[in-house]
Structures are given as structure tokens and as C-alpha cells.
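Letters A, B, C and D name the chains as they come in the text, with residue numbers starting at 1 for each one.
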Amino acid sequence: MQIARDILLRSYRSMRTIRDFEERLHVEFATGEIPGFVHLYCGEEASGVGVCANLTDTDTIASTHRGHGHCIAKGVGVDGMMAEIYGRSTGVCRGKGGSMHIADLSLGMLGANGIVGGGPPLICGAALSHKLLKDGGVAVAFYGDGASNEGSTLESLNLATVWQLPAIFVVEDNGYGEATGASYAVAGTQKARAEGFGMPYYECDGTDFFSVYETAGEAIRRARAGEGPAMVHVHLSRWYGHFEGDSMSYRIDGEVARERAERDCLVNFRRRTTEAGLLDAAALDEIDAAVKAEVEQSVISAKAAPTPEDADLLKDVYVAY
Amino acid sequence: MQIARDILLRSYRSMRTIRDFEERLHVEFATGEIPGFVHLYCGEEASGVGVCANLTDTDTIASTHRGHGHCIAKGVGVDGMMAEIYGRSTGVCRGKGGSMHIADLSLGMLGANGIVGGGPPLICGAALSHKLLKDGGVAVAFYGDGASNEGSTLESLNLATVWQLPAIFVVEDNGYGEATGASYAVAGTQKARAEGFGMPYYECDGTDFFSVYETAGEAIRRARAGEGPAMVHVHLSRWYGHFEGDSMSYRIDGEVARERAERDCLVNFRRRTTEAGLLDAAALDEIDAAVKAEVEQSVISAKAAPTPEDADLLKDVYVAY
Amino acid sequence: MSKKSFRQAINEALRLEMRRDPRVILMGEDVAGGRGGTSGVTDAWGGVLGVTKGLQTEFGEDRVFDTPISEASYIGAAAGAAATGLRPVAELMFVDFVGCCLDQIMNQAAKFRYMFGGKARTPLVIRAMYGAGFNAAAQHSQALYPLFTHIPGLKVVIPSSPYEAKGLLIEAIRDDDPVIFLENKVMYDDEEDVPDGSYTIPFGEANLTREGDDVTIVAFGRMVNFANEAADRLEKSGISCTVIDPRTTSPLDTGTILDCVADTGRLVIVDESSPRCNLATDVAALVAEEAFDALKAPIRRVVPPHTPVPFSSTLEALYMPNADKIEAAVKSVMSYRMKEEA
Amino acid sequence: MSKKSFRQAINEALRLEMRRDPRVILMGEDVAGGRGGTSGVTDAWGGVLGVTKGLQTEFGEDRVFDTPISEASYIGAAAGAAATGLRPVAELMFVDFVGCCLDQIMNQAAKFRYMFGGKARTPLVIRAMYGAGFNAAAQHSQALYPLFTHIPGLKVVIPSSPYEAKGLLIEAIRDDDPVIFLENKVMYDDEEDVPDGSYTIPFGEANLTREGDDVTIVAFGRMVNFANEAADRLEKSGISCTVIDPRTTSPLDTGTILDCVADTGRLVIVDESSPRCNLATDVAALVAEEAFDALKAPIRRVVPPHTPVPFSSTLEALYMPNADKIEAAVKSVMSYRMKEEA
């Protein structure tokens, strides 16, 4: 498959942005300045970016508690995100949502979600909108291996087939739901589940942008053509604890280090694109530098930004009340 | 497979009791004397009875809104049931539950259930009790094709495998959930769903007692032996409307009449057992007569029974408050 | 203008709004009924009690369609569709089933706008039947509006008559926030004069169905009828009552309630939901805080006991508030006055 | 007796009851933590905030075990197990997740006994964290006890300190009805003297943490601390308060509340749950009906606004009730007296 150079560059930039954003959050969180819960997507960048590289602003995605990567992949700016995570009024949700609720409906980003399994039903609805409003869009639900056991997720698989929705169910399988291994908590297989709900099953290596891009691309193409929903099972690894503060004693020593060493999507992407002569190292270096500065700036801006005004407390509960 | 004569006689009696009980309810309901909702099990007798013939009072079942058959199959007496349906204080739930909430925990009957998908989680719990209390019991959830799309049901399939519970999931597939056909509402297959949640799948003809008895028997034997849960998919037909009052315009004319003519579990049972010389017609006739009298008497008693006392309103909300 | 049943009024409201706005769609279990059936009739039921009958015939399967029995997914889908351009009316059948989909209502639809800093708009209506009196027993007879009223981000509507139902439902469909629209299941055959055309009744504006000097009665949904009945009877024994139908519990027209209590000095609240943390406590607390000066007697609540809804007719009748109980409550607050003045 | 944190007190209550009764089992998402992990450590977490740490090590995998992320199935399983001979303590983690399993709590566990004519017994405890103040935002900060209190058949416990938590949890585990046991997530590190052995605190018996003559303050859970703080400050300015910790909202010790209001004639209620149909309205309604005679001033509620819980620290602080707000409310009811007497 031939991928346009601008898609490659854009995708690399997204992955690099996610990585830098997350690694920086890891550091910032340790200082105690970031309130609440933060779940890092580090190591999983190629999944969100590989899927979203097939989408436009017309398409919709719904994310999870581990949402920063999906937001960036769908085009949400890091300034607004960082400010949000810091609880500032310049945040993309004006400081009222925080890490678990970043959303930007104008970009088709229907929100991170603090509820495991919260997104798949919403995505059935977004897909219904695309179908009935005939805007050509598709809707994508990202969810984890853990979330694949939630009733809301399973019901959504059925509903999407029954209604023949342009909906894609992307199972981001990093092998753990919090501290519990998928080998314990997920009975059967995702493949048989897809079949159990009458939809095609695809799988791919989530640390390989190309694998994700092409696999999800096929599922998305089908859905866009009116051929119905599909499941895309993405195999991944989580590089940090479930949330910041988790020591991960449930994982064997060296597991993460090996993943970092061998399955770094950025390293693999750079190697593959430069070796194949698709991109040159200088262009990638340039992106690295630009992203670094951008993330740095987002932290500086966030820290300097004002907190919400008292009056904001009562605003925006309703459109009108 | 050789089935003991007393099991055959008992099972025939249960099936006949269900049939007469239900046909009589159909008539009684039309008089307007029975309050609330009544869902008839007529035509599905061999399913509940075929499964329960493998169980003892130690084993547990959970039923549905269409619960009379399961209750009778598990040994609940028709007097108490009829009185309950009439809302009398002599009812098995003292008139406080009605048709949708008949239960008798002393017989391992964990209740009919007004909530579609309500039973499967409860059965995971009952199976957990059997497993941890080591009483050798198994737990059986009956649920419909419609209920097979509820998140609570699907989650339970997963949970039962993860915990390796002695739980059996009996999908009573009569092709309809209310007025909606399973061919529309149930995507994929039950078989693939069983596989998707890591459990073996069995299927059988629900109008054939022997088919149900033997198939469910195998699943129950496995579970009892500690080999984990299983799904038993029972193919059935509903002879009356979803509830009393439903004209069934969604079903083609003659569909029910054909089912009644060709797939009557009682007729088939009688033919098979008498032709094979397993039972003689006289014994069956005797049961028919006894059941007829018993059901007749249950109606007379129910009508004559007192309604609950005013003081009952406030009783039994809590064990102590 | 013609006599219409509660059922017809709701059907008409849906029909008119669907004609007016192509984004309005209807979904729910058997809202049409029959898909996948052997006869091919796909509008067999029009809802379990026939409320949406004929709408699929007029608007087609793209706008009126059945769902599998999976409330979390389709109520969530309705929320997601509402946030992305449609204006869904989702039917939950019995409000008791909210236990299967509360998350999508409480944590998703209701909170989008606030969590997202004001950027979302979720024009979603969830219709459901509520209430006892149908011998439907504990799992099909609850009122549950206190749960919804408790949750910021939701609006909650409880129409008390066919006229109210039509106007309030049209308003609900045009509203840009998630609205829970509750229909009392024993009222579907109630009839009254209802205009044929479209009209709206604004949220948060109570209706005074009776005006009087002695006691204010606040009643919700079907209880308004009982309150009117009691007020009419009381009138004859010389006690004059104001009856307030708040129409919506969220927003609640606190101004009208406080004004009326300021006039009458006595308050009886009639609420058929379970008594703890319900609307009766909500209104009582409002008045005990903000119209304390005006109060001449204790605030009485006519509510069911803290028990599930019993099946048997005898017990269910005992369970329910009714005109007799309201009358007795009004008399008790009136006699309190007499005691005081004695 | 030694200083113990709220977290330790709960852990101890579980440990003691599990030692005492082999039917007591623990389940929930990561209540042990680590099953299926590559290291083989199966007691890695002991709950997301470490409350159940070490229990699997002592009691084994048959009595303390993890669940998949599927609340409806495992909360329902806990209910089913309770009805068939076990005494499960199920952890729901954040009470906000009740939206995923309400049916099994509301329509199953809570109603078994009544629907089945008194024949069921469901000794189930559901533990969950509640409350704002942790910057956990709208979906992880709710209080929601009004929902549970509303539902007949449930008991609801909200301990206000480590001592209370231990005694009430042991009582909950020995209780034969379904109990919702709510732990305020910002209190886990609070410490106080707690006996090492077993003791129970009966349900439905309020605790008076302060006794005074002027104003009665009823506060729930963590709010009791704020109420005590306010009462101490007010004492210095010559206003003496009774502070009531009801401990359980269902059953509610109405007698103590009414008695105290009879003495003080003034009532302030502090409740961190959303303000509509909450416990503050519940207690206000009780008093406005049954202690009306005694009331010398309006009943004031110190509650959050009708909004989801905001994320930002600034807004969250503004959202929460606190000692300052309680102090102001008490002063306002006191100054009302002055006005009256002037």
C-alpha cells in the first residue's frame, strides 16, 4: 500500500506529539501539580494515530479514560489539552472536565470517558447520525481489553450489526485492565465475539503504524461504503502503570523495558520510512524539535493560564434552564 | 440413553401441568379477573422440564417474565402459584409478587423476573455459592433470544467462564422478543457467542423432551464435575402472544397452528414413549386426569382465598429495619 | 380541538414534530414492532401500549425503528446521536428499566455539556411509563422521577393530562437538553379536549388547576387529578385549595410554589414516588427554607410507604395516594390552624 | 486501641468478619489485583486505593477475588450469592459506576424479600467510594446516596470517621439485608483511635458529636467533620450547636433528629450530594412535618449547587460545602431568631 507523504508526516507528528505530551505529563504529575487521575497512552501511539489517519473531521470517535492519544490523533490541540489537564479556564473544556473528559465535538471527538464501556453506545449513536444524515462519515469507538467485558460494549456490537451502522470497534488490547490481566478477565476471544455479533474481525500490531493504518483503513472503507460495522483488535503494550502512581508489581520485571526497546512505534516508524526512502531523517528530526517546543510551550502556557472564574461553576449545565 | 421410568412419568406430569395451567390462565385472563401482566409458556414445556429433570432441589434456577413453566418444572406447587397470580394471601409470595415474581428459594427457584436479563447475573452468584459451599449444585439461567442481547446476560457469560462456575445458560429461543423477530434483533449466532466467552455450546429441539433432557444433561454433568459453564441453545416456538392480549400480527397466519399441530411436546412425548413401550397410555391418561383436577382445584382455591391483610403492606421489606 | 386520549395526545405530538423536523427520530423496543417477524408487518405494535402506533407507516423505517433489548446501547446511542446532529426520542418502555442504562443517562448525556465546557448540545428525549395502579408489581410500577430530578443536567417532565402531555412533549422535543418525559401508565385512556395543531408548554412554569385561600396542594402527574378531586370535595366543606401542577420537576417553578404558600400558609404535597428523598421532600424543604414566615401549619406529605410496590390489588390500593388521603391531609393542616387559633 | 486510618479501619473490619464467618467473601475489580498478570503476583493492589490490601494473602483466592470489568454481572452475582448462602462484600470502586448495575441493586437485591413474600434473605454489602474533593471530575465524584436511600429494601451507611467505619462495616456484614456502604474517598488517610477488636454500631442510631442549645446541625459522612469544625468555631462566638451524624440514611434515626430540633428549634442540614431530592431535603421535610411546632427559624441547607462536579480545584472548592458555609448558615438561622424577637 502506498501512503501519501503528507499522511506519513502528519501521522509521525501526531505520534511524536502524543509521546512527548505523555512523557511530559509523567514528569509533571510527579511534581504534584496536576490534580486528579491521569492515565498515560505512552507506547500505544500508533493505534490511535493509525486509525485516525483514515478519518476526517466529519468522522467521529469516542475515547476512554486513557484518552490523550486519541484526542491528539483526532486533531485536538495540545495547548488546550494541557491547560485542561491543569484545570485552567483556557482548557479545551474550560477546566471543567480534566484529563478524563477532554472533548471537541467540532472535530468529531466525542470525548474521553471516565466510564469504562461508556463510549461504544455513543458511537452507535454517532454512526446513526452519519447514516441518517448521509454525511459519509463513520464513527469509531476505542476501548480496552478490560472494557470488552462491559455489557454496554457488548450490546453495542449487537446493535451496530442490527442497524448496519458505519461503526468501527477498536479494541485496544494492552493486556491489562488496571492490574488485572486480560488472560484472566477476557474469556474466549475477541474474534469469536465479533463473529457472535455478526461483524468482521480484523487484527493488527498496534506498535506498527502501517499495520494499524492499513487494517483499520479496510474496516473503515467497508463501513463508509455502507457495508456495516467491524471490529479491529489492536495488540498493544502499556508503558506506564494503569494510572500515575501504579508500581505494576503484577507485571514481570523487564516486561515494559523490553516493549520499550523492541516495540517502540516511533523508532519502528522512523526506521521503516527512512530505510524505504519514504521520508528522510531530517524531516523527522524537524518534527521532533517542533513537537518538543510545542509541548514545552503548552506546559508554560498552562501554568500561566488563569483558573476558571467563580461564575463558571454554575454555567453550562444546560443550554437553557 | 435410558431414562428411568419415574423420571419419564414425573417429566410428563410436569409438562402436562404446565400446559393445563397455562391454557387455563389463558381462559381465566380473558375473564378479566387476573390482574397485571401474564406471559404464557405454552408450547415451551419440554424446555424447562427437560432441563430441570436433570436437577435436584439443591440446584438453583433463575427464570424470566415467562416463568410459570420453570416454576412448575422446579417443583413449585400450582396451588400456591395460582393463588399468587390471583393476588391472594395464600400465594407462594403471599400475593405481593404476582406472575412475574414467583419464587421459592427452598426449592432452588430464584424467581421469575420482570427484568429481561435479570437472571443470568444472579445465577453466576448462585453458581458461586454452589462452588464455594461445595454442595455439588449447579445453577441454571433460563433466558430468551431477546434477553441474549442484554448486557447483563453477555457479561454473565464472560464472568461464568472467568470464574469457572457450575453455571448453565439456557437460551430459550422462541424466535421473538415481544413483537421483534430474533432474525432482526440477534446479530451473529448464539454458538459464536458461546465461543466468544469461552464456553461450550449445545443445541437442541425444545419441543422434544428427550433432546432437551439429554443435551442439557450433558452440560449439567460437565458443570457438576467442575468443568465449567456451558450454553444450551433451545429452539422453541411460542404459542400465544407475547403477553395476553397480543394479536401477533407480526407472525404469518398459520405459523402457530402448524407449530401446535407438528411440534407439540406432549403429543410427541406420548407417541414416542408409548411406541417404544417405555410407558403405557393408561399411565399417561391417569396423569392427564389428575393434572386436570389439580389445576381446576387450584383455580377454585385461588378464587376462594383471602386477599392479603392491610398490615402485609408494610411487612417483609427488610429482615429488620 | 377535539377529545383526545393521553395516548393520542402523545402520538400527535410525536407526529407533528416529526413532520416539522426531519432530524426527529424514534427508537425503542417495539416502538414499531414486527421487524424480523414472519408476516412482514413492521408496524405491528407501535409501542407496547400502542402509543407510537402508525408513526413508522408515516415516517418510514429510517425514522421509526425497533431496537434489540439492550437499553444501555440504544439509550446511549440516542445520546450519541443527539450530540451529533439528530434529535432522538428514545422510548425506555417502563421507567423501571433505567437500572439497565442509567450510566448513559446520568454520566453521559446529562454531563456532556458541563464536562465539555459548554460545547455539547444533547437534544434527547427519553420517554418512559411510570407509576403504580396497573398491578404490574414491584419491577414495573415505580415512579423514579426523584432519581432523574436529582441529576444535574437532566430535565424532567411529568404531564398530568392529555393537553399537558401534548404541549410538554412538543416542548421537550424542541428543547436542546436531555429531557426525561414520564407518562403515567394508567392514564393512557384519559381523555380531554386537546387542540389539533401544535402548541408548546414551557418548562418550569407551573399550572394552577385550582385557586384557593386555605391550603396549597402541590401534586405531580396523575396525582394532580387526585388533588383536584380532593379540592373539589373540600370546597364543599368550605376549605378552598390551590392545586399546583409543577409540570416539570427539573426545572421546578419554585416561584409559583412559594407565592401560593405565601398566600395560603399551608402546604400539602402529593407524590406517588417512594417517600425518601422524593419530590415531596424536595418541595417541603424548599418551602421550609424560603417561605417559612408564611407557614401556619406543618407541611404534610401524601406519599406511599417505604416499600416496593405490591402486586395484589388490595395492597396496591392501600399503597397509593388518593383523593381520600389528600382530603384527610388537607383537613389535618386546617385543623392545625384551628388548634393554633384556639 | 490505636490510631488507625479510615482505610485501615475498613480493612480490619473486613478481616475480622472474614475470620469470624467463612461465608464472608470479597469481590470486585482489583480488590486483590494481578490475576492474569505476568509476574504472578495476585494481591498486587488490594483495591484501587489499597483498602483491601493483604486480604487475599490471608484468606486465599477462593474468598477474595477479582472480577472482570462488568458491574452488572458481578454485583448481580453478589446478590445471587447472598440469596443462596454466602455473605458477599462486593466493591463497586466508585459509586458513580452504579449506572452500570443499578438494576441488579434496585430491582433485584432490594426487592427480593418483598416480591417473594418475605422468603428471601440477601445479606449483601456493596462498598463504594463517593464524594468530591479529589479532582476526580464529574464521573468520579458523585455522592449518590439519595438514590439508594430512595429505594425501599436497601440500607445505606455513610461512616464519618475511622471508628465509625469499622463498627458500621462489621454491622453491615452481619446484617441480613442489602447494605450500601459508602466511603468518602478523601477520608482514607484520616486517623483516630480505633479499638483493635470487633465491635458493632447499630444502624438507625444517630451519633451526637456535639451537644448544644441553639442550633441542630445534621450532617452526613465527611460533612460531619465540617459541621464539628463549624460548631467549634461558633461555640467561641457564643452559639452552641448540636451536631448529629445519622450514620445511616436508611434507616434514618428520625427520633433523635426530631428530639434535637425540639430542643434547639433551629436546623441546618449539611449534605454534599446534589441538592434536588437529596438527604437535606429529606430531613427538612421530616422536620417541617413532624417538628413544626418547635421551629423558630427557616431550615437551612448547606449543599452544592445543581451542577455536575467540576474538575478544576478552584471550582470544586466552590462547589463543596465546608465549615465556612455551615458557619454562615448557622449564623443566618440565629439572626433570624434575633429578627423575630426584635
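The criterion applied here is as follows: a residue touches a chain if its C-beta (ideal position, glycine included) is under 8 Å from a C-beta of that chain, and two chains touch if they have at least 3 such contacts.
The model shown is predicted, which means the values in this text are computed figures rather than measured ones.
For the remaining chains, with chain C not counted, a single touching-connected piece is obtained.
Counting only chains that touch, the fewest steps needed to get from chain B to chain D is 1.
More than half of the contact pairs at B-D come back, by residue number, in A-C, the repeat among A-D, B-C or A-C. A centroid comparison over C-alpha atoms places A as the chain most distant from chain C. Measuring from the averaged C-alpha position of chain A to that of chain D gives a distance of 36 Å. Work out the mean CA point of chain C and of chain D, and you get 30 Å between them.
Chain A and chain C, compared by their mean Cα positions, are separated by 40 Å. Along chain A, residues 93, 95-97, 101, 113-115, 149-152, 155, 158, 162, 184-186, 317 each make contact with two or more other chains.
Among the residues of chain C, those touching two or more other chains are numbered 67-68, 70, 72-73, 96-97, 99-100, 103-104, 107, 114-115, 137-139, 152-153, 306-308, 310-311.
Taken as a graph of touching chains, this assembly is fully connected, with contact between every pair of chains.
The touching residues of chain A, when paired with chain C in their complex, are 60, 62, 91-97, 101, 103-106, 110-111, 113-115, 118, 120-126, 128-130, 132-133, 139, 151-152, 155-156, 158-159, 162-163, 315-321. Residue ranges on chain C touching chain A, taken from their complex, read 23, 25, 62-63, 65, 67-68, 70, 72-86, 88, 103-104, 107-108, 112-121, 152-153, 155, 175-177, 204, 251. Within the complex formed with chain C, the chain B residues making contact are 35-37, 87-89, 93, 95-98, 100-101, 113-117, 146-147, 149-152, 176-186, 248-253, 255, 307-308, 310, 312-314, 317. Chain C contributes residues 29-30, 33-42, 44-45, 48, 66-73, 96-97, 99-100, 134-140, 305-308, 310-315, 318-319 to its touches with chain B in the complex. By the touch criterion stated above, chain C contacts chain D in their complex at residues 72, 96-107, 110-111, 114-115, 137-139, 146-147, 149-153, 249-250, 252, 273-274, 276-282, 284-290, 292-293, 295, 297-301, 306-308, 310-311.
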